[in-house]
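The same chain A turns up in both complexes below, where it pairs with chain B and then with chain C.
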Partner chain A sequence: MPRCDYACASTDHAVNRRAFLGAAGAVAALGPLGFAAPGAAKQLAKQQKRVLVIFLSGGVSQLETWDPKPNTDTGGPFKAIATSVPGTHICELLPQTAKHMHQMAIVRSLNSVSNDHGIGAKIMLTGRKPEAALEYPHIGAVTAKLLGDTSGSALPGHIQILPKGGSGFGKGDAAFLGPKFGAVTLGEGKPPSDLLRPANLTVGSDAAREAFRRKLNERFAKSRKSASTDAYTESFAQAEEVVKQAEVFDVDKEDPKVADRYGRHDFGRHLLLARRLLESGVSSVKVSHSNYDTHHENFDFHIEQLAEFDQPFAALLDDLSDRGMLDSTLIVVMSEMGRTPKINDRYGRDHWSKAWSVALAGCGIKGGAVVGKTNANGTAVVDREVYSSHLFHTYLAAVGLDATKNFYPNERPVPIGDPEAEKISEILA
Partner chain B sequence: MNPAIDPTVARLEQELKHTRGLIGCRFDSTGRFLFVSSEDDLIHRYDLLGGAPTPLVGHKSWVRGMAFIGPDAAGSAELEAWGQRRRSLHAVAGFAGETLPIPKPAPFVLVSGDYHGNLIWWQAELPEPKPIRTVEAHKGWVRAVTTSADGKTIASCGNDNLVKLWNAQTGAFIRNLEGHTSAVYNVAFHPDGNRLASCDLKGVVKDWNWKTGTAERELDAKVLTKFDPTFMADIGGARAIRFTPDGSRLGCAGIVNVTNAFAGVGNPAVVMFDWKAGTSKLLKTKEAFQGTAWGFAFHPEGFSIIAAGGSGGRVWFANPDEATTFHMLTVPIGVRDMDIAPAGNRFACAGANGTVYIYTFTPGATPAKPAPAKKK
Partner chain C sequence: MSVALCLIAIVAANEARDPLHARIDQHIAAGFADYAKNAAPIASDAEFLRRVYLDLSGTIPTVSEFQEFMADRSPNKREKVIDRLMNSFGYVRRMVWFFDVTLMERRPDQKVPRAAWESYLQTAIAENRPYDVLVREILSSDGSEPNTRAAAKFFLERDMEPHLVTRDLTRIFLGRNLQCAQCHDHPSVDDYSQAEYYGIQAFVSRSFLFPNARAANAVIAEKADGIVNFVSVFDKAKKQYTITPKMPGGKAFAEPNLEKGKEYKPSPASAAAPASTPPKTKPAPAAAATAPIPVYSRRALLAKAMTEPENTAFARTAVNRIWAMMLGRGLIHSPEWDHEANPPSHPELLELLTSEFVRHNHDIKWLVREIALTQTYQRSSEIPESLANRESIPADRYLVAELKPLSAEHLAYAISQAGGQTDTDRAALGPKGTEAQLDARVAPRIAPFRSTFAAPAGEPEDGFTASLHQTLFLKYGAAVRGMLATRSVQLGRLTDPTAVAEQLFISVLSRYPTADEVKDVTEALGTASDRNATLAELTWALVASAEFRFNH
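Our next item is the complex of A and B:
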């Protein structure tokens, strides 16, 4: 079995406040050169759009979620239940989600090509097969780049919440877009450890220190102003704003009743934090839920994990809907792969990429749509096979972006989405 | 120990093949019938005296819990006598002379529980058993079903954290035994007729006065459970639970030393309680094995049998009060359940490959397969 590429808890990934903010600001030094999609931001300026990726790490079973096959040789013990969309059934492990199916769409015919955790995650998040010559940016980085400028938020444009590990800055997932659009990681849902003013530093001292820094900076800028010094200045300005908004990261500020609705467990808190970040203008958020790599006792573990997923996911949809944000927030529920229809001798399901499902909701999505079909026992796609590249085009189209356009790293055109794929129109509103 | 029962000479007696993975197996109280549940939502009744298996059609999900109401276990002696007569007849006339009619079984009831939360009562001796009644018993899986010593009460347990009691004859609900805070994996009546033990996912064993519904004490089998921090999920619970016939000990079987819950990396073991004192010892297998003890039972002669699935299948035998096993059998596939025939002369393992492996303690030649019938 390939080793899982799960969250690393090493100190290599931990950064402090300065690095956290400095890295974001430093990218401004790159300036606008190398990036294109001009006009995209203006296209979206009237209404900020956001993307939330919920990543079910390890590979969730499509049969225990979006494409149940009860009473077949692969179906397992669970029922399929009716949803708010007549004729559409999902697994009984998602009873709260089923009530929201009219706000969601399901793609049941995904072939993601790879059964490897790491490669599968990359394929699903970039919409491309890995290439030796070029790293492609993840969906969060792409949407942070293309949507972020409209938010006016001082917060980083791309944040990922992991169930464990340290907080830090993920340089890799932005690829040629640059670290500004790489995900800032909130391990265990926690902000960088020294985001807030240290308790032993008084407000007055902190203000005096900051005033002194500004004074020196301004003096320096008068004689040696450059793009780099502007970026440096911007990073500290952003730092100041982030610190002012530090409360965003604190889910304890929520009404306890709201926290109850999301569930008093890590994933519930993390989805609640995601909602707060989206509300505060972060354009791309990814929340990972661990873990679904159930080679052993798949059914027991899916009971436990999907119970954790179902309640807060439904609460999130309710909250976004109540706030009028669902129409402008695309939500994607994905994994790095699905799981084998065949049940192994340990009641497990193994890695499976040939025929599985992804669910979407919110912005640009045609509620209640189901596209694609697998055969009676889920072992093959029989209608409308799609790849992650089709999904990637679809995500961008859903938030009003055109994935057929190019980025221009080093003034070389690189298509935003795989040019061999296209959006899945059937699930777009 | 009965010299006729020697675990070290246990040998494969019979294989009963089905096309789908098996989940549970139980002998009826006479030992004539073996009921086996499978991943096709069926229960298969095998008559060990002969004939084709009979499917029991009614559940719409997997079944693991099976328990019986009657018949009198004394019937097993009659069946042994019938077997002797048949063997004698075969010795004289060969299989062609097989004219001894298979005796008509005494009436008895099977109560089975499925993963949709339903209990079904069956008149189990009939040629084609049909459900007598179906009761929506639990929210979520029914994980185990058992019958009280007097045969008048059924206990079930499941994923709704409950143990429930039912009138065995009518199916009427009697009471809930509430107090577990996680899925209840297994349940067993104490032979004294007053107490009942249940074990949940977190390894909490409750000792219930089931006639009042009061949990009298709590025992610790937490060695059978673990929250795996890598995968962020719980693994554990008693996959099998049994009292000794005299009620002096309770065994809870499962998995220990888990290092990777999602790959099943751990070792089978049994937490063995001194029921009166409430103290426990861990019974481990002598040979290293990666997997879960899915089956466990006390043999009438005093030793216990552990059956496991994981990296293959194994059966171990252990003497009372010993911390490890003294003999092992290799089963061709992971074992998902095990039961000992009431007479103690054989035991059955439900294989993940759809095959029931029946082992006998009786030394001697394996009965030859009947010769094909001659054309007239």
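Our next item is the complex of A and C:
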């Protein structure tokens, strides 16, 4: 699969620049999964809600996806096709997705303000314009904090799957919410760093050393017990639980037929992994698909990229629907920006934030709703302009949360969502 | 109440003749009824030694350092070890960590390389440069001269962004988190006003990075114009205020009237590089040569206004941060929220420390030493049986020593030592190897700990967390496992299980094992099929224990 590699070097460095563990390479050297009994399938709590963000990295073209403008100067070569919602058309590059439009909503009037990859990603993920003096938490960290407490899962509440890099920890994602809600990063869909017991540590030695560690902790706690020592000792108990559930991270445990439905490529595997995580009680998952930064050959690249997106996305909606999870799982398909309606002389489209689209599905979303409108050739919003801040309120409202409430870092109020915006009611069920 | 007043009177009477550390203890004792009866006893030698090594050297004691100290019968042996550590490279190492984390808060090294920055701090700490001098350098350097570029890191890595710089100047040097005073007077802190925020910002608002903030060789330049206006978002009338540079509680600087067209120095190139400076190895020649330099620089006023004694918040914040470094909790807690509704736990003590610090020429080393000599610092962290549990003890009364989580650097270094890796390093360096050379070998091992255990870039280290990621790193991570290999080989040479237990506990936990622990080790070795593997896992268990994770 060719990847476009442009001078702005966008791909993932914007989302993937955080430091990874030096030890990440060790995972590959470790033995097969021979140690852990598969975690007993947990009954999903009925009340539990989840959020999946699919991030089309580099800036997806709205014209080749949710807001086609065929037969105009900006429209490009592709047709618009009918969907399962009468009157709603999307680009022909999304034939499988079109069949699910009755479960989805589209916002076609987004102005995300910045044409910069990094800033755009931050704007979209935090629902705010960046402020030098205060970092805001990403949507995944916010929902992990606000939704995660009821799941009863030992798994981390916030996981992101990136196409490249090692596994690591995106502690900056959570900003003032604290590292507990920062994304555990699964680079290339690999399990968390150091999840697997080293081959030269036997099951027996592992158990023996854990027992000795606990004994030492009990002695220490006799005269020095504190909230911190408790948190530290509990973190080992949590790690042990997660280790027991290691198979959650292994998509090879899926029926090959299921894997075929998602597609035998990285993004297909990553979306399947996302489904496994959501099923196991992880409340916030983000999957990035790379790369849509198509400054030239926009159309060829969108054919390839969207083919990779369309099939597993439809499979995911089917699976969540079949499992009764779609009603409790919000899915957002976003990007850090859209692409220029104007086609440049290299058959490319450039960075564009003024008028583009985001798609949503599942929990709290009014199926078939379309809100906002761009003009005939997509160069301006003509109806219902919204910002990422409106979307942010909408995501939270969709999963039953109120973004007008406050967080209290350092005991001072910080509104969860930008107080100058409100939810987009037209697309909420 | 009358008891307290009486104690304060005694404190006042003693102040004149007693050394500072004794006066600190008097203030702390006066801060709690029946303090002597309720406070934990002085820490045992072993507990004291581990603490003082971590705090003054960044390390845990080696086996021989431990044994030497335990064997020392002299009454002033604690003072001796404090002085030995403070006059060794260990003190430099530890304080570089402290200043780096305090000033830079883990920001990536984009404009000043880590090595240059650490070397700058090392020199400053080794010669015990007064704190006000150090900060004046940091706030004065524009990064254009190779000799002083490292000092400009504070501004350069923050891209000279006016809001970010204002927030961090006030937080880090003045103990005042004015962040939400950017848009309005602080809603819950009466003395944090919007005018205070913009008064600080006026010093830096004309400054910017030249040629731009993305250039790795950028320097700080300044415009001759630019007015700071602000409006409160709460004010319906939208009244606009204009402000000139001003420290909180100080006077606003008057602006000179400059002739139009003469606001800038005529030849920025010659001004940036005076004739006396040899024009060699400048890292940022292009940037510096053309950066504008105003005749009247607002930023040039900042360094003096910040550090002069009239700006009492400056020394007060420094003292409080050093106190927090040593005691695990600031007299003002947390150290960036100094305001009337969050008073110091011991106001007179903080006043005393501040005035003595200024009187001693902003001498950091002297202050650290005085704190290390106090009984307050040397108290045990074991909760006396008379006090039910830690949560019921008022944390701001210093009855029992706090548990301080090891920083990322401390943890990496201590695991290197506990696992025997530094023994291997020392052997490789030979008898002439220096501590600085040893650090160079340990440095690459610290990096993964920084990315795993340190606070996110731009956030202060604040309290203790244990994330899954961190715990898996300790539990199964190859980095930690690799660092423990030497110890089991060393222990494997000992045949007597009691000797093994003793070596193991001293080298990892810096104390003798209890009888129960000797028994545990003996049993584990008795049933071991692979003795070396068992020794490695025993070492791991000690390293992964809460006792190791905290400076207790």
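Simple rule for what comes next: the second predicted complex is superposed on the first by the 382 of 429 C-alpha atoms of A that agree within 3 Å, B and C clash if a C-alpha of one lies under 4 Å from a C-alpha of the other, contacts with A are read in each partner's own complex, and residues count from 1 in each chain.
Please note the rule applied: a contact is a pair of C-beta atoms (placed from the backbone, for glycine too) under 8 Å apart; a residue touches a chain by one contact, two chains touch by 3 or more.
Please read these numbers as outputs of a predicted model, since none were measured by experiment.
Considered on the superposed chain A, chain B and chain C are sterically compatible, since they fit side by side.
Of the two partner chains, chain B is the only one touched by A:I343; chain C is not. In the superposed pair of complexes, A:S205 makes contact with chain C only, with no contact to chain B.
In the superposed model, A:K225 makes contact with chain C only, not with chain B. By the document's definition of touching, neither partner reaches A:R264: not chain B, not chain C. Legend: residue contacts after superposition of the two complexes on their common chain; A:P179 is shown touching chain C, with no touch to chain B.
One of chain B and chain C touches more residues of chain A, and that partner is C. In the superposition on chain A, A:F301 makes contact with chain B only, not with chain C. In the composite built from the two structures, the nearest CA pair linking chain B and chain C is 21 Å apart.
Considering their complex, residues 19-23, 26, 131-135, 156, 168-169, 171-172, 174-176, 178-180, 182, 184, 192-198, 200-202, 205-206, 208-210, 212-213, 215-217, 219-221, 223-229, 231-236, 238-239, 242-243, 410-413 of chain A touch chain C. In the complex of the two chains, the chain B residues touching chain A come out as 20-21, 39-41, 60-62, 114-116, 140-141, 159, 183, 229-235, 261-264, 291-292, 309-310, 333-334, 336, 352-353.
Considering their complex, residues 161-164, 166-167, 177, 179-180, 182, 186-188, 334, 337, 381-383, 389-391, 403, 405, 447-448, 450-452, 455-459, 463-473, 475-479, 481, 514, 516, 520, 524, 533-534, 537-538, 540-542, 544-547, 549-550, 552 of chain C touch chain A.
By the touch criterion given at the top, residues 1, 6, 58, 70-71, 73, 76-79, 163-164, 266, 290-291, 293-297, 300-301, 303-305, 343-348 of chain A touch chain B in their complex.
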